[in-house]
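Structure record follows, encoded as structure tokens.
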Amino acid sequence: AYCRDRNPHKITYRLKWILNTSSAGDIYADAAGYFAQNGLDVQIRPGGPERDPIKELELGRAEFGVASADQIIRALSKGADIVVVYQLFQINPLQWIYRPDKTLIENPRDLMGKTIGITHGGIDENIMKALLAKSGIKLSEVELYSVRYDFTPFYQARVDLWPIYRNAQGPVIGARLEEAGEKIAYFNPDKHGIHTVANSVITSGKILRTRPELVDQFIHALHRGWEAAMEPSNTEKTIAMIYQADKNTPAETIKKQLELTRAFVKPYAQIPIGAIDASAWRQTEKIMTDQKLIDKPVGIDQFLRGTFVNAKKPQR
Amino acid sequence: MHINLNAIDFRHGKTDTRVFENTSYRIDGPGFNALFGPSGVGKTTLAKIIAGKADHNSRFSGSIDKEGISVILYTYNLERLPNWYSIEEHFRAVCPASAKKLLNELTEISGLKPVINSRFSRLSLGQQNRANLIRYLIQDFDVLIMDESLANVDEITKQKIILKIKSAFPDKIFLYISHNVVEVAKFCKEILVIRRPERLPQIKKVSGFDFAGEREPGQGRLEHIMLEIMNAS
Amino acid sequence: MHINLNAIDFRHGKTDTRVFENTSYRIDGPGFNALFGPSGVGKTTLAKIIAGKADHNSRFSGSIDKEGISVILYTYNLERLPNWYSIEEHFRAVCPASAKKLLNELTEISGLKPVINSRFSRLSLGQQNRANLIRYLIQDFDVLIMDESLANVDEITKQKIILKIKSAFPDKIFLYISHNVVEVAKFCKEILVIRRPERLPQIKKVSGFDFAGEREPGQGRLEHIMLEIMNAS
Amino acid sequence: MLHKRIYQFLIIYFLGLSALFIVKYSLELSDYVIPSPAEVWSAARQYFFSFFINSVNTLCVAILGHMISICLATAVAIIGSKTNWIGSFIKIGAYNIQAYPIVAVAPIIFILFGDGLSSRLLITAMICYFPLLLSFIGVFSEPVAHIEHFYNSTGQMTWWLPIKIRLFENISKLITVISGSATVAMVGTIVAEFIAADAGIGYRIRIALYQSDLAKILVALFLIGICTSLYLFVLEYSGTRIKKKLDIPAEGSQ
Amino acid sequence: MLHKRIYQFLIIYFLGLSALFIVKYSLELSDYVIPSPAEVWSAARQYFFSFFINSVNTLCVAILGHMISICLATAVAIIGSKTNWIGSFIKIGAYNIQAYPIVAVAPIIFILFGDGLSSRLLITAMICYFPLLLSFIGVFSEPVAHIEHFYNSTGQMTWWLPIKIRLFENISKLITVISGSATVAMVGTIVAEFIAADAGIGYRIRIALYQSDLAKILVALFLIGICTSLYLFVLEYSGTRIKKKLDIPAEGSQ
């Protein structure tokens, strides 16, 4: 364990993925000193598939973490003691990129006969399967293609649709294709009634019970960070902070990513950033139950403990 | 003190020819004895049988009784000393305290003094032979079998070494394997002439001159022994 | 046909002692000659110098002229034949067509016939020596240096082989390295006795009996040669 | 022999498993972090058969990849052991390519070879051949003076002969290395499947990993272990037979 | 020597790069499949320095991991080369663990060791030690009859002596293997960084891969190659020095 005995406010915040624009608010809160102002010494650490924030929480190596809804629900089904305290994306940024001049997709029925990239075992597989089921397309009527680290099969047009994170990878991959004069478009399952949740902030039930003030302070600072980062007038400042944390991405790209991120984090003026969309959580849970990823529903509502749970979402 | 070979039968692995067939022999009391016979007849094989080092795959029957003998060492001329020490360091590493003086004398007599600080791989063949033999001589043993251990050493040095061995170890058994009939006839007490399995007995005994440094054998005496050996083999 | 050593100076790598110092010698015409001298004196070293196989790290000066000689082979008793063939297959693999008959005779004389189908690692030491020597003899050469090549072979077989060599190769030069003074005196035409660098000349020549199978040397004659060799070395 | 191998593997596997459970219960970790024995057992019952089929599939590719690796390593080592410029160039080339992580060169491989069996085999071979190469270069670069002398002196040395001599001289080392590298072939195949394939046990592990399903991974590791032990045994057994056939003295270097 | 190594690496790298461009232009692949030379050049100019720092960081971890691997391999090989039950058990244990892909055991490693330097080193060592182990077991299992005979006969054989004898007898093979395995240490570190770290060139490759940026990967590969060549050279040079010091005859086995 870290030097928690010495300083109770020294905490670790484990991200789901590397530091990039998807954690704009986290970076902002840190760089702008919001954590420090709340008396917290937060260490933000990048994650990856092998470094699961939920496990880190349980092992006491982190106090807060970012995980995707499917990870969280799966962990809950196995008795992990975690609660959701903040939802980073209101709309799941997971989309499928395609070439509209070769593959025209206006509604899900157009997916029939297409080759669709999915990550076997990833949430995108479940989302796509749910969408196909919802649209009455049998699995045998599409070609599912197992996606791996590199995009070559899509580049070489052997696969028609390829899953990407719209806000993070979109501007990079898209730009690359557009540079070469290709037309691109994105297929968004959310538009077709599959509302799922992506990244959310979690902590352990034990921390919430024993140190609620810590959770408050942390979420408060984090929320300030996200609000500031999403504020259009702060764009330049935010970009600079992200670039400081992630020198691998040029500032212009970050700028594009930030705009897109804003559209996923705060799509509606009346819904606060970080609001927990309980219905999307339920739908995610249902998809996972239907596809036998979990034995039985976990009763997700009881684990949603954010400040803005169930904030009303406008009808689209 | 004796070694008794009883009805030894021996075939090497993968072969069907018997090297020994119902062979018996008794080596009695201490002394510098020779194993003699044409190349390929089975000297090395017999030596290994006596030392209990015969190949695992070989087929062996018969028995060996020993009395008053606990340690039998077998040394051969292809052995090497590891290269991490000089010869002197090697000697020191394997020399029991009681043999220090002996070691000194042996090094002196064998003419290894000038190269005592060299590594083994930098010695001439005969120097390698001698270095190897010496480290065996300073061990504790009752029987030492020397399989061509001095085959690559010049005759003058060889004689010095053999005489030293004979005087230093009057109560041990040596089995000296060599192809030099003069030398065998002159220095050995008993010569075990080994013959092809067709000829019985397979080991025939010839008494040697057993020269110990005092009285050089007369030419006639030596020739007689050599003739006997030749006839036997 | 001659080999001329001119003012040879030689030190092994990492050592400062000269093995040869301003040494000259001339080997003239064909014949079965010996390199003789106490162990460690430099026979192997000289042989390798003549064969052009001296160690890279050694320091060497002087020159060697040759006339009528193009191929010098050097063979020594530690050489091994690869284990993938039997001895016979090995012989066949390296035997030029013209040497087939010779090969047959050599195999016969050397007594290797019974083990001709064995692998090298299954031979006795003397058998290994002979197998190795034979494959050299069937090669094309002008000079063959045999460094203790027959050291582990019995005297009877050795004599047969040497006599065969002498009759089969009357116009080649052999340099035979051995520690057996009787043998050297009896079979060799010229004995190059090598001595420590302190003694000059470092190579002294003694004429041997050069026995070729016809007329056995008388005891006196042989002893005289042996005495000369002993005095020289 | 075989049952001994399997037996030893089982001991190791269950020791590891027990250690994991001890960690779980002493730190009071949830089933998500480390699955409970019951969950592992049920995963085993549920997936054993299909994972087994997958493992056998992987094993087949591994065997093929292993053969390719051996050929590749032999070829590169033979050239690389020559002391000329080309030899040292090839050696450095082989070494440098090895220093690149497969994940980094995988895109290039896919561009060049598509994503069928050939890419999978290539990745397997690339991972597996290097340990072999190292030993082979070590063996092939070291002259066996007492044997090679004859061929060098008499001008009968061919390009190939020193290789053959050194190979024979070190056959038991090489057999040890080759049979041991079976496990590398296995792991290479799994990695290849992990990156590239949609079949084989590596692919199943990847899915389990995305789903944080350690229970499935443990079942997969069990089957991988069994398959590896099996293949290892077959190779070691063949090695012993070959040594006998080639009449390699049991005692070692003669 | 050093400049020769670097020189050879450059040739190889630029040959590879040219091949890639030839594929690109002959198949008319667009810049997103294989980047254009201009793009690679601009990536090089932009990232060379920061990637260089990262590569040096990686190299340092690789060197540390390599040392650990050598120790680990030596220890396991010494035990594994003994012919008793424990020896064969340890050997099988080592082999079986090796058969598990790092990615599959990584979650367990992270559970047990957290994600500091220790996990990174452990993964590096696990990847790197096995090729060493194979050669070491090969060497340590094979008796050197002509040397060991004396110690066996006279009862002076200790547990350690045969190891020492076989080590000395095969020192040049072992040096070849150890210096060659430097590249495996490098790749092991990169893989460890790929899965675990937030520093080092492996981490940069992972990001580049995520962004599908082959140009950056090519720059990274260049720097990895340079670092590897450097380390390789240092090891080979030390190896030559050691051999000289130990007075290993150049001719080979005497």
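Note that the chains take the letters A, B, C, D and E in the order they are written out, and that residue 1 is the start of every chain.
One rule holds in what follows: a contact is a pair of C-beta atoms (placed from the backbone, for glycine too) under 8 Å apart; a residue touches a chain by one contact, two chains touch by 3 or more.
Computed from a predicted model, the values in this text were never measured in an experiment.
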Which two chains share the largest set of C-beta contact pairs: D-E
Most distant chain from chain B by Cα centroid: A
Distance between the centres, which are taken as Cα means, of chain E and chain B, whole angstrom: 50
Chain A and chain D, separation of their C-alpha mean positions in angstrom: 38
Length of the line joining the C-alpha centres of chain A and chain C, rounded to whole Å: 85
Shared-contact residues (touching 2 or more other chains) in chain B: 14, 78, 122
Per-residue multi-chain contacts in chain E, two or more chains: 29, 33, 103, 107, 111, 146, 206, 209, 247, 251, 254
For chain A, residues that touch 2 or more chains besides their own: 50, 52, 55, 59, 149-150, 152, 156
In the complex with chain D, residue positions of chain E that touch it: 4-5, 8-9, 11-13, 20, 23, 29, 33-34, 88-89, 92-93, 95-101, 103-105, 107-108, 111-112, 130-131, 133-135, 137-139, 141-146, 172-174, 176-177, 180-181, 183-184, 186-187, 190-191, 194, 202, 205-206, 209, 214, 217, 220-221, 224-225, 228-229, 232, 251-254
Contact set on chain D toward chain A in their complex: 27, 29-33, 35, 39, 103, 106-107, 110-111, 115, 195-198, 203, 206-212
Residues of chain C defined as touching chain D within the complex: 51, 53, 73-76, 78-84, 94, 119, 121-122, 132, 135-136, 139
Of all residues in chain A, those that touch chain E in their complex: 18, 45-46, 48, 50-52, 55, 59, 61, 149-152, 155-156, 169, 172-173, 176-177, 179-180, 182, 247-249
Touching residues (chain side chain E, partner chain B) in the complex: 146-147, 149-150, 153-154, 156, 164-165, 168, 246-249, 254
